[in-house]
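First subunit A sits with subunit B, and in the next complex the same chain sits with subunit C.
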Partner chain A sequence: MPHSISTSVRRKDAVAKAAGTMEYLADQFPVSPLHGKCYYSSISRGTIESVSLPELPEGYYIVGADDIQGVNRLHMIIEDWPVFADKEVRYLGQIIFLVVGPEKDVILDLHKQIQITYRELTPCITLEESTALLEGVQHGEDNVFTRYDIHHGQVEYPFEKAHRILEKEYYTGHQEHVYMEPQSLFAHWEEDTFILHASAQCPFYIRKSLVNALGMDKEKIRIIQTPTGGAFGGKEHFPDVLAGPLAVAVCKIKKPIKLVLDRKEDMAYSIKRHPSAIHIRTALDKDGRILAHDIDLRLDGGAFASCSAVVLARAVFTVGNVYNINNIRICGRVFCTNKPPSDAFRGFGAPQAIFAMESHMNFLAYALGIDPLAFRQPYLMKQGDPTSTDGKIHEEVMLPEMTRRILEMSGYEKKYQDYKTRPNWGIGLSYFFHGSGFTGNGERDLIKARIYLKKNRKDQVFIYGSNVEMGQGISTTFCKVASKALDIPIDQVHFVEPDTEIVPDSGPTVASRSISVVGFLVQKAAKRLKAEWKSGEDQSIIQDYEAPTHMVPWDQETLTGDAYPAYSWGVNVIEVEVDPLSYEVNTKGIWGVYEMGVPIDRQIVEGQIIGGMIQALGYSYLEKLEFSQGRFRQATMSDYMIPTSMDFPTTQCDIVDNPFEYGAFGAKGAGEMVFDGAAPAFGAAVSQAVDTIIDEVPVLPETLMELTDEGR
Partner chain B sequence: MKDGKIRFTLNGRDVVYEDSPLRRLLDVLREDLGETGVKEGCGEGECGACSILLNGKLVNSCMIAMGTIHEKELMTIEGLRETEQGKCIIDAFADAGAVQCGFCIPGMVMAAQSVLQDAPRPSEEEIRKGISGNLCRCTGYDQIVQAVQMASEKGAGLW
Partner chain C sequence: MVKFFYPESLSEALDIKNSKKVLPLAGGTDLMVRYENWSSLPADFPSSVMTIGHLKELQFVTEEKGYLCIGGGVTLNQLLNDSRIPRSLALSLDEIAAPALRNLATLAGNIQNASPAADSLPPLIVANASLRLISKNGSRKMTVRDFVTGPGKTSLNENELIESVRIPLDFIRSEEKGHLIYRKVGTRKANALSKLSACFWVLKDRGVIKDIRMSLGAVAAVVVRLEESEEKLTGLKSGELLSAWKDVRGDYEKAVRPIDDQRSTAVYRKRTALKLMDAFIQEASED
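== the complex of A and B ==
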């Protein structure tokens, strides 16, 4: 029976947002004394030889590396990304100056007059060029930002005794976030404090990244989150990149400055999803059973590391997918290239990894002449099974029940048989899982989340944490968790907008951790407050993170142990018809069954599911982002196609409850996992429709035409 | 417009505008008239976040120069939300869970009004077509379609 917390309530922010009274950053500061406009490099790789700046009218400024009081480095995971390029340029779009002034027209005019002479070098565009150290190394000794190796079981021996070895490489492309609200910041000084208002996911990340550049104590840097009009990972670290130049400018000019990117700048120069190339080599015995996988996983990290190391970690720990394979070796690397940096995007490496493994399972089944669904069944993980990092699956795995449900809902089995003889129609299925929370020891050793719960004399309860509302519904679901634990009406519970001066650091809004990890702290705090409740009095509770005791300890040196405390699970089916003339793919049906512990509000979770699947179908099919001559060819919303209401049919979804002991009311992560399965299911469906193996997303009509014309 | 003044009605009240006829309607609405419910998502007529009704027709205000709106009637979300029709749509969006990050939603509500004006009992196809000029990156649209259907049912007779 579904948990009572899943019963939907009206979102707290719904009416204000629908009625247009919710003020996003650009609405709060519609008129600013000063505007900032970034000046970007116009080459992909080289050195700055000389700079010629225009004469500045009074009240106008051009701020650059020379104005930095502290160190010209943003603190992300490593400190390789400069605030302003000063000598070296690594991608077309790297910020060199910030032009500041009162009138936008004058700013644009000054912008045009800046002249820079570069000594250009040939950029590394492909993974191969990066590996070959074209024109010399750019990062470390080998252009590899991070490398992770995993060995589970043994690999040499199974390949030696294999009856057959099958291998294939899979590719995924860039993806642009297209949050509807572009990157927006507004900053000013108040006495001795730098104050930044930002549309962002991680206010404390911004604060941390600015300490270097400003050369100031973090206590004197205050970040206030503004209502965030979508993010999907695109406002995890990238606001740091804009906040750096803005902070340096405000520090120098000491006047309020607004920096809002227009859509073209945002699309051209902001971070993107990591493209991937994943080679999977599989040893099979004479009965077609998998003996071992040997996987080479490469990500294109772009020009700076940003959080590539963490994306790589999730990709590496997820690429084995939901299968218990005794022997698996994974070499994961993320490479430096001269493209805009790759960074966080919903799913965070998992969609790339799962696309590769699921497509590979289809390829193996096809090559062996076995039904792809039947082929997968013997390997599906069960409770107690080891993971590829020698950790353990602790929860009951509901995949058999989820499989039954989705087969019923979608009519997969009959359609799969029918479409064998019906040209241009296809149906595909994918399995996937997604770890909740930070990888490895991240929550325990790095994040150390803390929340406050405060009650005032009117018995109104306020939740203080740093996790932001960016559309996913946390301002409502946190309140639901607290009100349920306190047994008081939800109207009596309030979510406090994050502001680094008043909320504790409960960590970033990433990694499917907000409800599962921080929501659990909210529940614990509420339970304590209930026990101590004194009506009519001010009360406050501090709740710190405590690591679950059930886990296999994580060892960051050997990359072994439980990579995640728990996983959310899913199965998707997609049905398509391919137009035999235009090779356009019409999606005819979308089904998903999910297990994310217990959904905190069924309607909100369904919103995540539908939104995630449609975004992933855009990634699978519509969202072509080609890189050419240092730029993305799809540079505007007119030519980078995200799904409209006409592109895909209604999504059918179902949720299976499986309470998680260490999550808020049994909840695990939901927001990212819903992105993971659509691309491989779509690829599988198209593979059947055109009788070929799809090994790349997006699946483009021109690719299908070539594949069909030239044969497999 | 003989005196160089541009006169129009905004949400039922008369407005006289005397600045450049080349400015974008979107900027004038937001910066001069405080109508910040009208959002700028792309600035090139693709996303629909700045949708308003101009003489009853759904348009992107980022694509409209001030010089073209003389003697026209404009309705923004600020006006629509005061009407029974607007309240009904907004309620339906909230009840259907059709609101996530919210940035595109005021424009989407304007599109919903446009759909319902044209067809008080729209089919799913008519709704999908009617809102197809408004991009939403969060919801995947199903709950928005459902919201328009709910508004149509609950607000029967309003359109």
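== the complex of A and C ==
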């Protein structure tokens, strides 16, 4: 029986967005403020030997490292990313100066006159070059930003007694976020406070990153959220990178400055999804049963660490996927290379890890001559099973029911048999899960989310927190949670746009945490307000995060315990036909069944599902992003191909309810999990269609031609 | 200093063209992208610009002296709504970008831009289409084939404009009696630039090849069409086609010389182009 909270309402932002009346930052502040244009490094690696700057007309400025009042470092996880490149340059596109002034054509002219002499070094482009410390080390002692090793059960012994050992390496590429609105900021100075308006996911992250750089008290730095046209992780940390130079410029000039990236600039120099190389060795007994996995997981972190450590953590804790394997060892590392830094992107390490493990399960089944669906069944996790970090699966795992449903919907079993003898057609299935919320002790020890609920004398209720509306519908779903808990109409509840001066820090809008973690605080606060409700009076509630008590405590030293309080689960099936002449892949069918606790608004969740799957299918075979001579070759929207509605006309999905005790009305995370399963299902389908194991995304027609057409 | 000219008439446009170095702009869907500037600044054109898309004298689709004549200012969507154009051309135009762009882009502009990947070129070259080029001093006719000389290069003189694109009516009449293949290989199903494109057409009469034409786009500096090789296949019976093709195929293998770029690889383009040809010849040899 579906829960009544799931019944769809009209989104609070629907009309303004559909009608085009919503004003994004580029539309705002039109009265000639100063404009800023970044001056980027034109080499990938080297040192700045000398700089020649043009003479500046009055009112124009070139701001750089010398103008920094605090330290030349942005604070993310570690402080390694400079505000402005000073001596060393680590990637083509690193910001060296900000050119500021009133007239754009003059700014461009000044921009052209800047001359920098570099001493160039050979850049590390591949993981191998980084491992070999080409031209010397760049980070720590081994170019490794972060290393996480986990060990569950035994590994040496199973490999010694194994009947057979099978191994393969899997690769995934870069991905560009292509949020609808490029990176945009506007900053000014008001009395003694620095004020920044930003299209961002994490206003408090920006504030944190600026404190040291500006050498200012955090209370004097105010970040105001503007309507945000999509983010997908691309506005988690990258706004910090632009806010740094902008803030330094505003502090120096003390006038308002607008910094909006052009789409081309944004695509060329902004952060991307981490490419991965994941090697899996598996020990099997004589009956083909898995005894142990030994996994080497490498991510390409690009030039600076940014939040790579956390992406790595999720990749490492997810790579075992939905299988209970008694013995597993994982070595995870992120390497420093001279490419634009890799950073957050929907799924956050999980899509790479799940692509590898699911493709590997297919490879094992293929090598053993066992049906891939049947091969997986004995290992599917159940309630009470241990995780690879020696935590525990607390919830009832609905995978058997979800499997039944997706097989019915897609006709997978019959098609799988038929396509064994039908060339160019294939169908593939993937299982996946995604931990809701921050990894490990993050929510309890680092985030410590807090929200306010305020009611005015007109009995209108306002929700104050730092989670942002970025297209995912949170301004509606938060209100829905509060109105349901208060038992008042949703029109009486309002979402307050985050502004660090007036909202408490409820944490960043990331990690599929907003509804499950923060939404739960909204629900708790609303329950309290309902109990104390006095009509016609001002009332306010402060609600702080309390860690669930059911968890196996997390130990960050040993990386053991419950990595996540709960998991969302999914199954995808993809059906394809491959054109035998051009090797173009035609997606014939897309099915998904999901368990994400309870969906808060069915329509919004379906929007997440369809959008997530389509974005992941783009990642699977369209979104080629090649790196050559310091740059991405697909530099424009006409060369970087995201899917259109013509590519995937329909998606069929279903949702299985399984309420989570510590989530808002039983909700778990939905935003990221919907991305995780499409690539491996697509790879499996293409594998069947061309009778070759796919071990890499994106799956390009060019690669398929090479794989299947060799020797011609 | 870059200037913008907005002539009131074609003769004024030709006068301007005769006396100044101006870039003709009709639709501008290629030029505005090529010379895009920082937002809110005017496009960064290398020379002065003259808009001509609005000129009434270039807005026509007429039948004249054995040709369907398409004015230089006619947009792709206007043509898509005109049932008189060849089906091969309609199929190619329908896959160029998205409707919004097709409302602005002109056929003459697609030709003048002279991209090796211009999608209208293979069908126009199969149709033996030509152009009427006009200047203050008169007009001249030239085949589309001869007009495009290399990537971004054409035979247009400094003082000339494309007055019209002219497609032989007898081709249009016989096109539907023949067997036509138009195939665009892009990255995705809509709004993609071509990795390669192919336009093949064969006309048979009682099992004998009367006319066979094959053109390939984006696989060389200009569209590949080999009339001499086509002649070797003309006059053959369907059943003889496959073995004759074995001899002719080498001509195409030599002529198809694609590049590696951000959209695809040379190897892929070449193999796919030849495979599409093989498949077409196979079809043509049947029935």
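Please note the rule applied: the second predicted complex is superposed on the first by the 708 of 712 C-alpha atoms of A that agree within 3 Å, B and C clash if a C-alpha of one lies under 4 Å from a C-alpha of the other, contacts with A are read in each partner's own complex, and residues count from 1 in each chain.
Keep this in mind: contacts are C-beta pairs under 8 Å (C-beta built on N, C-alpha and C of every residue); 3 or more make two chains touch, one makes a residue touch a chain.
These numbers come from a predicted model, not from an experiment.
When the shared chain is aligned, subunit B and subunit C each come close enough to touch A:D262. Shared-chain residue A:P701: touches subunit C; no touch with subunit B. By the touch criterion defined above, A:E584 lies against subunit C but remains apart from subunit B after alignment on the C-alpha atoms of chain A. By the touch criterion defined above, A:D105 lies against subunit C but remains apart from subunit B after alignment on the C-alpha atoms of chain A. By the touch criterion defined above, A:A531 lies against neither subunit B nor subunit C after alignment on the C-alpha atoms of chain A.
Number of subunit A residues touched is higher for B, counting subunit B against subunit C. In the superposition on chain A, contact of A:A374 is made with neither subunit B nor subunit C.
In the superposition on chain A, contact is made by A:V15 with subunit B only, not with subunit C.
In the superposition on chain A, A:L622 makes contact with subunit C only, not with subunit B. Shared-chain residue A:P227: touches subunit B; no touch with subunit C.
Residues 26, 262, 264, 638, 643-646 of subunit A are contacted both by subunit B in one complex and by subunit C in the other. Looking at the complex, you find that subunit B touches subunit A at residues 30-31, 34, 36-44, 46-47, 49, 76-78, 81, 86, 89-91, 93-95, 97-106, 109, 124, 127-129, 131-145. Residue ranges on subunit A touching subunit C, taken from their complex, read 26, 37, 104-105, 108, 260, 262, 264, 581-584, 622, 624, 626, 633-635, 638-639, 641, 643-647, 701-702, 705-706, 709, 712. Those residues of subunit C that touch subunit A in the shared complex are 33, 36, 38-41, 185, 187-193, 261-265, 267-268, 271-272, 275-276, 279.
Across the complex, subunit A meets subunit B through its residues 8, 10-11, 13-24, 26-27, 30-31, 177-182, 227-232, 262-264, 470-473, 603-604, 606-607, 610-615, 636-638, 642-646, 648, 650-651.
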